Amino acid sequence: MTNAQLISQDPGWIIALKGLIIFAACVFLTIMSVWGERRIVARMQQRSGPNRVGKFGLLQALVDGVKLALKEDLIPKAADRIVFVIAPIISTTACFMAFAVIPMTGPVNFFGQQTAMQLTDLSVGVLYVLAIASVGVYGIVLAGWSSGSTYPLLGGLRSSAQVISYEVAMGLSLVAVFIYAGSMSTSEIVAAQDQWWYAVVLFPSFVIYAISMVGETNRAPFDLAEAEGELVGGFHTEYSSLKFALFFLSEYVNIIAVSALATTLFLGGYRALPGLGFTEQWLGGWFTLVWFFVKVLAFFFVFVWLRGTLPRLRYDQFMKFGWKVLIPFSLVWILVVATLRVMSQQNAPQALIFAFVFTVALLYLAVTSLIDRQKTKLAEAAKIIDTTQPSFPVPAIPTSRAEQLNG
Amino acid sequence: MAIANYLYLSAILFTIGAIGVVVRRNSIVVFMCIELMLNAANLAFVTFARINSNLEGQVVAFFTMVVAACEVVVGLAIIVTIYRSRRSASVDDASLLKR
Amino acid sequence: MNLSFNPYVPILVIGAIGFGFAIFSVAAAALTGPKRYNRAKSDAYECGIQPSPQAAGGGRFPIKYFLTAMLFIVFDIEIVFLYPWAVAFDQLGVFGLVEMGLFIATVFVAYAYVWRRGGLEWD
Amino acid sequence: MLTAPSLGYMLLSPMLIVFAAAVIGVLIEAFMGKTHRAAVQLTVSVGALLLSLLQLWRIRDLSSTTAAVNSVTIDKAGIFLQATVVILALIAVLLIADQDNFTAQASAIPGSNEEAIALQQNNQQTEIFPLFLFAVAGMMLFPVATDLITLFVALEVFSLPLYLLAGLSRRKRLLSQEAALKYFLLGAYASAFFLFGAAFLYGYAGTISLVGISAAAGSANEVFLLIGIVFVSVGLLFKISAVPFHSWTPDVYQGAPTPITAFMAACTKVAAFGAILRIFYIGFAEVETLWRPIITVIAILTMLLGSVVAIAQRDVKRMLAYSSIAHAGFLLSGVVALNKDGLAASLFYLMAYGLTTLAAFGIIGLVRDSSGEVTDLNRWIGLGKKSPVVGAVFAFLLLSFAGIPLTSGFIGKFAIFSAAYQSGNIALVVTGVLASAIAAFFYIRVIIMVFFTDPVNDSVSVIIPSVKSRISITVATAISAVLGLAPSLLLNVAENFSTFIK
Amino acid sequence: MSLLTLIGALPLLGAGLIYFLPSKNSELIKKYVFVVTTLVAIGSIFLALGFDKSVTTMQYVQSNSWISAFNINFAVGVDGISLVLILLSTILVPIVVLATWNESEGGRWGVKTFYVLILILETMMIGVFAATDLFLFYVFFEAMLIPVYFLIGGYGTGNRSAAAIKFLLYSLFGGLLMLASIIGIYVISGNQIGATFDLTQLATLEIDNQTENFLFLGFFIAFAIKAPLWPFHTWLPDAAKSATPGTSVLLLGVLDKVGTYGMIRFCLALFPDASKTFTPLIITLAVISIIYGAFMAIGQKDIKGLIAFTSISHFGFITMGIFAMTSQGMSGANLYMVNHGFSTAALFLVAGWMMARRKSSTISDFGGLQRVTPVMAWSFFIAGMSGLALPGLSSFVSEFLVLVGTYTRYPVAAVIGTLGIVLAALYILIPIQKTLHGPTTEGNENLKDLNLREKIAIAPVIAVIVVMGFYPKPVLDLINPTSEKIVANAGFTDPVAEVNK
């Protein structure tokens, strides 16, 4: 029996229980990942990070939460009060819902019932995730707008512009996966990866997805919406107390969600690493849960790693990257994948396939080198302008050190 | 829940939209009312697809969304231009053409 | 066979859980937090200078974002069409490839136009 | 399991050519330098339209008619309507190519620095060409579409570019933008009605194809059918500006750049009536008792209101707008006729009316003073004295609108009324005739203003038309005149092509 | 191509050729037009000479397919009635051209345009009488309006544009009503014998009563407007006052005959039953027209208005004659059409000269012309006498025939109609007395008498008036057979034996 069939037979109590478990897992993971992130970043920056509350500071995030709950809940007087309250609720609700279709285990025995750790299986599962992610954007826009304040407004806008921009690239990167899997159902995609992970077969898609998932979640180096130097806290500047906590929570749940989706679509989901297939039967199938979380946490580590390593992009660079690199590249890649797929389907001669691949590669080289040449030209042109004398009078540069100091 | 209820909902939404277009003055709100009408139609399509148990209605809904999106692009462009010209998005303010 | 639920019911379940949690948190924040009135607190945050009574531009969006939104819609629609196509790809064969090639080419033309006209420049 | 359908590219080719040209037009906009862009765009447009016409000629006798998985039917009448659209568009594009009518930069605020700069740099608005071609392609699709969704898509494909084009006038920008806004809001409103009606037709028949709807007659829920017909009709009647859905017409006609008004008035009518005819003749013919009385009443109201209100107009574009409303009423008689003659008559009428309209608006575009076009009728006084030729041509066109014998307008009216009479709608014929008489009044009044009164204001003059305008006005007038004297040339063709295939 | 078509096309051809004449040289243009129209007149006389009086069918028939989709033919032909009307028109045109030599000068547009319009109008006039295809007739009927419209509006006097539009709208309105009826009969023919516009075929249709009544009314109102029958006449005085004398001659002398001609040719032939139904009503209208026109004429201060109202009275006689449904009445009405054409022409032309000389059209401005301008005065006198149907002048014969024809069937109407003759004496004699006799009023002393050109122009008209008064036989010979046939076809038999054979 496939996962889908298994799940469809779930009685009500199992559904409720699974829902609670997923919710709890998300909250727990959030708390832990906040702690984890701080620790890892600290390590990377030669610090030790939170280490006071609980063993290794494990309870730090929890305590932070409690602290937030005890802070005063402010609503600015310029705010649109109703929307201001609704916005975090939307964000939070949406972020949990994304998990509903993620398969976390294969068939397992769940309190005597044969099922899989997946809340439900939709034939359009991935589309559903994207849709829910879009709903999350409402939370951001509304929060920014309803605050009635400049920084949140700009932050909200930037943030939503960013999310939707990268959502396009993300959406396009998934097309190749669907072509290969012939389905949009998450469990079927996982099942289709029993031979090869799509991260290998469709490496460019994977790369695009990986990049855009970082952009989509507003994380460093793409965290422009919260660029402290420019926009204070971004869309949630005016939020305090638990409402702020909710945004914080949803951000982290989102990170985990996109990681889980990446795992599902490209890394074979709950499947064991290559060569370790025998482990899938351990603990009555429950061991797949471990594989799943290993992969998800690996992604999470990458997120943290990026944050610890990379400087933040400028807004225009960031948008330019999304629109001018990722999207056209994805589109071309889709066509290439589709063509190859049709060729193999029609049993085209090997030579033809190679010729096609070769042509595409050549074209790619040609285009990129052309663009590069253009860039150099532009750069040179810019240089020439730089070297010309400015048309305005320039005060004489003081020569002696004393003069410099005295101004 | 009887499937006909979706039709009632769709009809209600459509009516709200239709009335909204007539009574509201802000062109953006008017425009949103029109979108509401389109979506009501979509809902009707999907409901009928369910009633007739074929997929055509859902396909139509698909296309409608596309068309609605195009309409949004064009419409907002026009509204924004007008707003820039006269600093108002009210339909009433746009009354140079005599009735 | 057990009664089987509509596959969207579990989504409602987790949605309800998330929603409940969010409502609970918002309500709890109002109860747990202290209430110490201070006029300055309810002003908009503006780095210490006298805050303006309203967000810049009266809460209106800069035109640039409008353009981004439009572009997003265009590509989102493209994706909407690409997905079913991708799922049914193996069954459609060459026909599917050619048609989608034409479709993507058309969208690409629009994309090139927007690019050339400076629709993809942000600053 | 899906199987790959076949599209029938041969049958679709006339439309595809225009679509492709539109796409190429966008590319030209993107990559071509400013200097030659306008010329190239015009060449592409004209070339594509000619090619499309040629292709239409080549497919005129093909045995298979349905294409794109039964969503379009390229039958004889469809080919005729498409050819009409293309021919009218060919003439219109030459009017449109007179760049002077369009704003240099649509996004600039009227009267702003930006605009002044754009004007100074002699910027030209060339996006109109791709927009125009998209509209034409949509108009070609509309009358051949045989399922509800294709109809809806086609409706929008040709409407959306028109909304934009309406707002691009170079002079009187605010007026033009306002026209665009009104056109857009009401147009979208009507589309929503159309769609909602389509949903109910689908609910009634269980299919979105017109044939299926007609086949379902009597077997399903009549309430759904009635709702569907009413709402779909509202959407369509809006497009042809029938009473009571006409209120946008005068405003839009007045505000839009005159060449666009010409194009819109001529081609939209053809496309929309083509679709209406197909929908009512194929989809709803079985249930004519449901809709025929309503449409008859609407036709009567439209004729009367258009004719009566036109009398009060002081602006020539508004006057022609009301006249177009009246003509919509006449054309509706052809729909109500619901017989082969009605179809043939409508086909002829559409062509004749389209040509006359194009030429008339072409001439309106020539009458100017220092600040642009002059459409106030009071300032047209004595124009015939200054430029007798233009005055005479305009008078001829007005007489054709009025339906004086020996003009194409008369033959069209005669054909359509005799078809209506044949189907027993005598009331319609009598009202139509009365409305014609009323309408004659304001056409003739204009002739009086132009010819029988001495000019009082010397600031208005007729500019010497450019070669393009001259060609298009001349060709349109010439064909219109020929159709008046030897209508057989087209009538026989219309007769031969007046078949809708289910 | 039959001679008829040639004659009809000749003016149009002439109009086309005017283009090649120099615009400056107006004398040349006038001479050219005179030659052309005279040629047409001569041609039509040949037409009459070649006409076979013994048969009542159409002659000089030609039929070519024009709009095959509706089975519309370019079908022409003449019988006695249409032949005399064509003769009337073609003869009047050169006379008008000659008589109103300078009329084209003062207009809004040039001389060329004026004559182009005149020539086009002549073609239309011939066409409208010659058409045997209903659709073709309608086309000429309506298209004829346009040149007249421009002639009145462009070359008229006074409030010419208002008059022009009034004329056009009235006529158009009527024409459109007729169009509705034409469509009706066309569709009915399609249902019965296959769609056609051929008059002879249409006459055989079986139409149910109600429909026939409606169709009849459509035609009749159109013709009643054209032949200004009370209460559809109100456009005529304005048009006649504003138009130039030449145009007025063509308007009243020929164009309005289309109305009465149409009643005979279409109302009676196509709808005999409806004609019977409406006869009482129409006779009543005709009688009212006679009396009303006469009374209005008496009250007129303006010469043109006077002539216009006398015409309304005369058209009342013609209509009465037609619908009396006797062969005398019919013949009389037909003859009256011709005679009225000439006598109105004479009146208008002479009145036109008078007005041109005096620069006024008010009757009271004239006086004692007899002494100053004897030739003009005599011409006016004879024309006036013809107008009141003085025995020995042409109108008398026709008026007598009409009254006799009517009396046999509608004695009351005939008696009241006779009253019209008495009134005619008033409305003609009073102005004649005022203008021609008595002392020469101020401003009239130096008026010039007719010049040679004008004399040449008026001479044939006077001659016709006088000759026809004594010897109407040639024309009656043309008219009578056709009249009898029409009455018979309409299903009537003469109540008494024929008079005046």
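Letters A, B, C, D and E name the chains as they come in the text, with residue numbers starting at 1 for each one.
The rule is simple: a residue touches a chain if its C-beta (ideal position, glycine included) is under 8 Å from a C-beta of that chain, and two chains touch if they have at least 3 such contacts.
Computed from a predicted model, the values in this text were never measured in an experiment.
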item: For chain A and chain D, chains touching each; value: C
item: Geometric centre: closest chain by C-alpha means; value: D
item: Best-connected chain pair, where connection means C-beta pairs in contact; value: A-C
item: Label of the chain whose CA centroid is most distant from the centroid of chain E; value: A
item: Computed distance of Cα centres, chain B from chain A, in Å; value: 33
item: Mean-CA-position distance for chain E and chain C (Å); value: 82
item: Inter-chain centre distance, chain C versus chain D - centres from mean C-alpha coordinates, in Å; value: 39
item: Centroid spacing, where centroids are CA-atom means, of chain B and chain E in whole angstrom; value: 64
item: Overlap residues in chain D, where contacts from two or more other chains coincide; value: none
item: Interchain contacts, given as pairs of chains that touch; value: A-C, B-C, B-D, C-D, D-E
item: Residues of chain C touching chain B in the complex; value: 63, 66, 70, 73-74, 76-77, 80-81
item: Chain A contact footprint on chain C (complex, rising order); value: 1-5, 7-11, 13-15, 17-19, 21-23, 25-26, 28-30, 32-36, 41-47, 51-56, 59, 61-62, 65, 68-69, 71-72, 75-76, 79, 82-83, 86-90, 93-94, 96-97, 100-101, 104, 107-108, 111, 115, 120-123
item: Residue numbers on chain B that touch chain C, as the complex places them; value: 62, 65-66, 69, 72-73, 76-77, 80
item: Complex contacts: residues of chain B adjacent to chain D; value: 7, 10, 14, 17-18, 21, 27, 30-31, 34, 37-38, 40-42, 44-45, 47-49, 51-52, 54, 56-57, 59-60, 63-64, 67, 70-71, 74-75, 77-79, 81-82, 84-86, 91, 94-97
item: Partner chain E, residues of chain D touching it in the complex; value: 344, 385, 388, 399, 402, 404-406, 410-411, 413-415, 417-418, 421-422, 426, 429-430, 433-434, 436-437, 440-441, 444-445, 448, 451-453, 486-488, 491-492, 494-495
